[in-house]
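Below you will find the structure I want to go over with you.
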Amino acid sequence: MSVREMIKTYPAEINLDRELIADALLALIDCSQACTACADACLSEEKVADLRKCIRSNLDCADICDATARVLSRHTGYDANITRAQLQACIQACKSCGDECGRHAEMHEHCRVCAERCRRCQRACENFLEAMS
Amino acid sequence: MSVREMIKTYPAEINLDRELIADALLALIDCSQACTACADACLSEEKVADLRKCIRSNLDCADICDATARVLSRHTGYDANITRAQLQACIQACKSCGDECGRHAEMHEHCRVCAERCRRCQRACENFLEAMS
Amino acid sequence: MSVREMIKTYPAEINLDRELIADALLALIDCSQACTACADACLSEEKVADLRKCIRSNLDCADICDATARVLSRHTGYDANITRAQLQACIQACKSCGDECGRHAEMHEHCRVCAERCRRCQRACENFLEAMS
Amino acid sequence: MSVREMIKTYPAEINLDRELIADALLALIDCSQACTACADACLSEEKVADLRKCIRSNLDCADICDATARVLSRHTGYDANITRAQLQACIQACKSCGDECGRHAEMHEHCRVCAERCRRCQRACENFLEAMS
């Protein structure tokens, strides 16, 4: 992953700690991929009908993490209001999806790994939001 | 656009008014495309250096509208907390981008049209959020 | 939809017919939303287990149409090779998804509408590709 | 990154080598983030007007890599035709963007790192495509 390397190359000032931004970015893109993969794994399960809500949460969480990672990858023309609001949405999506996947963690290994990534991403976004204020 | 036709085909119950959801969806996908196009038009302007913040706002707003449209296109396993938080992020992104594009509306026709779409999308998301509560 | 209005505001030259680009863009964003909605409607069906392949096609087609719409919304620094290759991928995705949804069109109204949008989008991309050469 | 861990949890058969899929996925999400960050860094450069084509390539490449990563993250209801066509589009996008960023690699460190990631991603997609046939 070149996230840490890329952020060092940003040529202007960034008001936030670059390591903290990189931590959040890595958690976001990891969570997004885990959610896309978990939705797909759920879809292949015999009891897919019991995993409808889990698939839905995964799809939303992947889309929201992707958008949040895009926003956090940009520093030019920074608007704290957008960053803050999108982080809050992402924290909520990760919380909901982590809880939902957590319910199937003992049954499905993909849900266990995905729940763990959602929780890590939620914490990384919370840390970022706290550092902004 | 088949948005209104598609939403009529959803086979289960939806707690919100389907016309209202379609209004928001149409505003979101319209705004997203306008923002992507406006960022690109700004990039082609001779004075691109003066449009940095506008390009940034456009890119964020496009990504956030896209994620919000995805969330609002799904009704299975509905989680009001995710929908609400993502709508709030989208309202903020549309407000910021509408204001920024609005500053260049007299100079650049693409900014004028884009500002108008951001404001319409902001209102559609606000209406949706209000209807949820 | 402001797609036709936005494309008129692009301040530099575009080598292709602007109406043709707008046609493709409208078909793409329409198809993408229909696919996201169809995946979600399939997920809510009692016999979701029979619709696994349809959901998968829908998810792929939505992602690919979105990326293609982004590429076709940009004219600055145009690279025909990228546009052409992405259009070809989109034609394939629309063909596969249209065929798959078409198999369930008599059973599920959402699949019928979605199949129709996939085919329209496929044709719009084919027309675009032909006009490029 | 949980990509390697997630792919091990997929509960059904996958016809391709899981390590190879994980290699491609890691290269894709890395390249996408590098491209988004490089577009933003270019936008902040004093001579942004000279980097218009680079920004455009970065934006396209990010969108195309994201769509490709989504497709490669899914194994249920696999359609080789879609995967193949999207990989070909991604190879082209990475080639074009790697070449463009490569032109500014001595001047801008972000372009140097991004060019390297585009080339790595191009190779990973080529390896994947070869393994499919």
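Here are some notes:
A, B, C and D label the chains in the order they appear, each numbered from 1.
Methods note: a contact is a pair of C-beta atoms (placed from the backbone, for glycine too) under 8 Å apart; a residue touches a chain by one contact, two chains touch by 3 or more.
What you are looking at is a predicted structure, and each value in this text was computed from that prediction instead of being measured.
Shared contacts of chain B and chain C, meaning chains that touch the two of them, come down to A, D. Ranking A-D and B-D by contacting C-beta pairs places A-D first. Taking each chain's centre as the average of its CA atoms, chain A and chain D sit 19 Å apart.
Separating the CA-averaged centres of chain B and chain D is a span of 27 Å. Residue positions 40, 43-44, 52, 55-56, 59, 66, 70, 74, 76-77 of chain B each touch two or more of the other chains. Every residue of chain C that touches chain B in the complex is listed here, in rising order: 1-3, 5-7, 9-12, 25-26, 29-30, 33-34, 36-38, 40-41, 43-45, 66, 69-70, 73-77, 108-110, 112-114, 116-117.
Of all residues in chain D, only 39-40, 43-44, 46, 48-49, 52, 55-56, 59 touch chain B in the complex they form.
By the touch rule above, chain B contacts chain A in their complex via residues 52-57, 59-60, 63-64, 66-67, 70-71, 74, 76-79, 81-82, 84-86, 88-89, 91-93, 95-96.
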